[in-house]
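Below are two complexes that have chain A in common, paired first with chain B and then with chain C.
Take a look at the complex of A and B:
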């Protein structure tokens, strides 16, 4: 949505720079932009502002609930809420491990698909399959995979002699989060792979040839040529993945609903429960706003440092 | 482009206006019973027989009442409460809502549901005993009390027993008038435990309701309610059942620890295979035993255990009317028909639960010895309203505090004292939000 907003703004700025007879032309431009702006304002900016407004109130569900302005007290409660911090920690573990592992796995896959293999185009299509599935379907599918009695994972591991009893992956206190992270990695791999593959195809062949001539090993060429060339792509895709992952909801909601005992309660699930299960709309909105701030802060540190290093 | 936008805006305005008009008109029409109206009925029936029974009763109603058409809408227990909050807030809830009493408490105090006092015929109100009505009577959030649903199906906790193993161990087979005490149950479970098989399996994946309902056997209420303020209490009475289950697992070793993480129905395959002789379960589980058990498998329904009393906490499945319904009187009329004693017997049979209707409970199909119906129906006399029903914020206490704490206690990761302390201290923190 932000992208669309920027794109629609840019022509306006251009016209303003265009100078002469500006007033009439500007109005005309505004009129032309209106159809594109209205949905953005109504469906994106509006709810966002409303959400920010709610964060400063004690809005609760109920026909006889009275909403009043409470200033920053929701934020105070949030900072003192142990459940929020637990959820925040789980969210960070989830987002960082999914993003990093997903990146490594995708890089491997992209390098492989970039080689001149037989059936390459077929393999490339196959790699895209998870992308075509909605998160809910993925969640249902993996729930079957992890099923304690009928799941394929338990039966494969037992046939291979690695397990001697059925494991209830999604209900075990210590296994649930890792199990969900694996699904997260699997789900996000296609996007990351495709972007990295596109990046790889833009690395000039001459550089590799030159490196080869100078006697650089394969690993050396990868480390000193491919990686630096890929850097902007890597920064972009990992930041996007991170934002995507930390805001993940549907997948985990279907897989575990935040269980067992809150071990997979990602921040967005926490906010959802606060709002729709317990009815504290104001507090849930505060959580959302706090999260926007956290994500923006983390991203600006990360991207800022990458930019500085690149320069 | 400009004209098109203008047109679109105009169209949207017209749609909004007509929508406003029709709802206004509907509100006025609600008072007259003669105009044809249509009601949405959100049903949560999920077993095949039960869905069939629900649909059949709706069809009968629609044939007899062409002016009040009822549309059957299928819902699911998994997400019904989220779905209802959203539709209540949006102002377009189903007219007749199937749910259970724990959910009603919260909805009632938020003003989402209609107080049914005075809207139901005496025939129905007289047919359902007072303890059942207690499970649907809640504060309205403004200091008053109201009846926010009609209770119709209840569940009691019984034990399902492997008859061959019980006979082989020569244990006394209890009757509803002379049930096992918890001490006797512990002895018998030890007796039934042999190499490779256990006396009992406690599936405690969702331990809270089970433990709280059974705790009443020793007078354990878990909450003290003072006016609208509730606090958690875990004293000796509350700890009794927790400790006894824990003892079976780790002291007597008569309960299979690997069943702990299971849901209620998960131990069934092991039960058929003779791995456990007794399985604590809600009465509805008999249906799965009847359908899935191997042909030569013999089983009995063991009546509820007795501590200082045989009382168990009960919740009910309910039908309610949304406060925003445009046709509350018609909806109440439909509920009265839907839950008359003949229909309750059908629904109870379909769901393998206990009807609240006294007349339905005396129906021959509810008292036959076949499939343990006599024992199940007799257990209804032990049901009293579960104290936690009157506690605002119970749901949050349950999911944030009680479930993880009880799971850890039964997994022997924390002691009973630690568990009690967490339940009270963390619990009161949660309840504080609701107590003002």
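Take a look at the complex of A and C:
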């Protein structure tokens, strides 16, 4: 939802009316800002900086635990930790597949909603519902769908002759991750669809008309007019989706708690367990810092490449 | 030829989006005997509302719903009180804070929650606010604030400055001009922001999981997650009913503000 933040360069109209001096105005601005500034500084900027510091310590969860600076040794442990790498691999598979499939599904839906079809407004409303639901309810709902005995998925697939026995989707070693990925796609579709639809509506109609006159086919017009026009929107929303997905926690925690046998233990579930089950605050913070570096690196490669191709 | 294919695709999308919701509703209306049967059906054979009654009596659903309500209402009220003056200043005066606020909204997306939640937990522990509702409220306010600030300053900007100045010239005085002229025009935006804060807090799970360890103070999402125990399929009916009830406030409020949220998203993403 924070896409709005993209609009950074709107010049704020510097208003100096009524002959007031700059100093007076600065003090007034500060007074007005202070109530909002203090909580953000104390409860999120400060903790964030302290969290980065913790990554270089051996902090434990105990109230009176003695913390000492250990330099980069946590990072060394992390690189040698097989469980971390397993979790990291799962996280990448999850984030890339959800982001890509979500994008393709949402693009398809946005293209349909942009056409003059019947029931379009009903479909638009329906497409927004997952956005409003509590993530916990989404997780519980899909657990009902995937339930081995009482779930509808097994029943439907058996009626269609695609299955001959009940499958325990969320407890199967090879099926749990794909099953969770489907829920991830379902959950994130509204935001992506809304953004892509807005992008489509901003593609100038004249371009399409010109393409039509030149005899370009529908597909051809989509490929050489719509997609290039949409590129900035696509890059923005897929980057954000990727960041949101790789940092996902609640949905998967409710669905599988990371099981079976760690097959769906996303990196943030791993970090949560390290911190709040085993009490390794420092180590969990190290994972967080390592993650910021990896995500920023991946994003800059992706965005950089897209920008080069656009030019 | 294109139209039928398009409708086919649209129907496929609607089925994918709607079937889990339909299943949730269907489960909520089934008797426990029917839940235990080995052939689940879409439409309940004997639809009943007993699951909703059970949801109210079991597992402290009502208690945790009340706690969620207290936290969510306090979060939205406090968010508005803290954010409104700052939003006014952001919209009317050029300042460094504008850019910082925007920067912070973006930065807070990239940083994984674990980096903030561990130190935040330590801070709350030293203030003796772990396992308390005010503790959770503080966390929710902090994390709703940047986006609320951004929403609100957009609404302030939409109120023409000339109106405010004209009222001031007419001798109304600056504060009275703001109260009489700006406030009424701003009210819809304030309501939208407050509802947004309410939904964020009401739905929130992760911070609640860390801050509220004691089941006696659990909010609704925490209680729902603990609902499914070892008892198996018999309990799924009340769970589905409780889940549906928990969704209603968010869904209603979201319906009210979705146009504004959507236009906000579009303005940011498209005109970037």
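Please note the rule applied: the second predicted complex is superposed on the first by the 277 of 311 C-alpha atoms of A that agree within 3 Å, B and C clash if a C-alpha of one lies under 4 Å from a C-alpha of the other, contacts with A are read in each partner's own complex, and residues count from 1 in each chain.
We take it that a contact is a pair of C-beta atoms (placed from the backbone, for glycine too) under 8 Å apart; a residue touches a chain by one contact, two chains touch by 3 or more.
Not measured: the values here are computed from a predicted model.
Of the two partner chains placed by superposition, A:104 touches none, neither chain B nor chain C. By the touch criterion defined above, A:155 lies against chain C but remains apart from chain B after alignment on the C-alpha atoms of chain A. In the superposition on chain A, A:52 contacts chain C only, with no contact to chain B.
By the document's definition of touching, of the two partners only chain C reaches A:291; chain B does not.
Look at A:171: by the touch rule set out above, it reaches chain B but stays clear of chain C. Residue contacts after overlaying the shared chain place A:63 against chain B and chain C alike. When the two structures are aligned on the shared chain, A:210 is found in touch with neither chain B nor chain C.
Looking at the shared chain after the overlay, A:310 reaches neither chain B nor chain C.
Of the two partner chains placed by superposition, A:79 touches none, neither chain B nor chain C.
Counting residues of chain A touched by each partner, chain B versus chain C, the larger count belongs to C. Within chain A, the residues touched by chain B in the first complex and by chain C in the second are 31-32, 35, 63, 149, 276.
Within the complex, the chain C residues that touch chain A are 2-3, 6-7, 9-10, 13-14, 16-21, 23-24, 26-27, 35-36, 38-42, 81-83, 85-86, 88-95, 97-99, 102, 104-106, 108-120, 122-123, 125, 138-139, 141-143, 145-147, 149-151, 154, 161, 165, 199, 202-203, 205-206, 209-210, 220-221, 224-225, 227-228, 233, 236, 239-240, 243, 246-247, 250-251, 253-255, 258, 261-262, 264-272. If you check the complex, the residues on chain A that touch chain B are 31-32, 34-35, 38, 60-65, 83, 148-149, 165, 168, 171-173, 260-262, 273, 276-280. Those residues of chain A lying in contact with chain C across their complex are 1-8, 11-15, 17, 25, 28-29, 31-33, 35-37, 39-40, 42-48, 50-52, 54-55, 59, 63, 105, 108-109, 112, 115, 117-119, 123, 126-137, 139-145, 147, 149-152, 155, 186, 189, 191, 194-195, 198-199, 202, 218, 232-233, 236-237, 240, 243-244, 247, 249-250, 253-254, 267-268, 271-272, 275-276, 281, 284-285, 287-289, 291-292, 295-296, 299.
Chain B makes touch with chain A in their complex at residues 1-2, 5, 81-82, 85-86, 88-89, 106, 109-112, 141-142, 205, 258, 261, 266, 269, 323, 393, 395-396, 399-400, 403-404, 407-408, 433.
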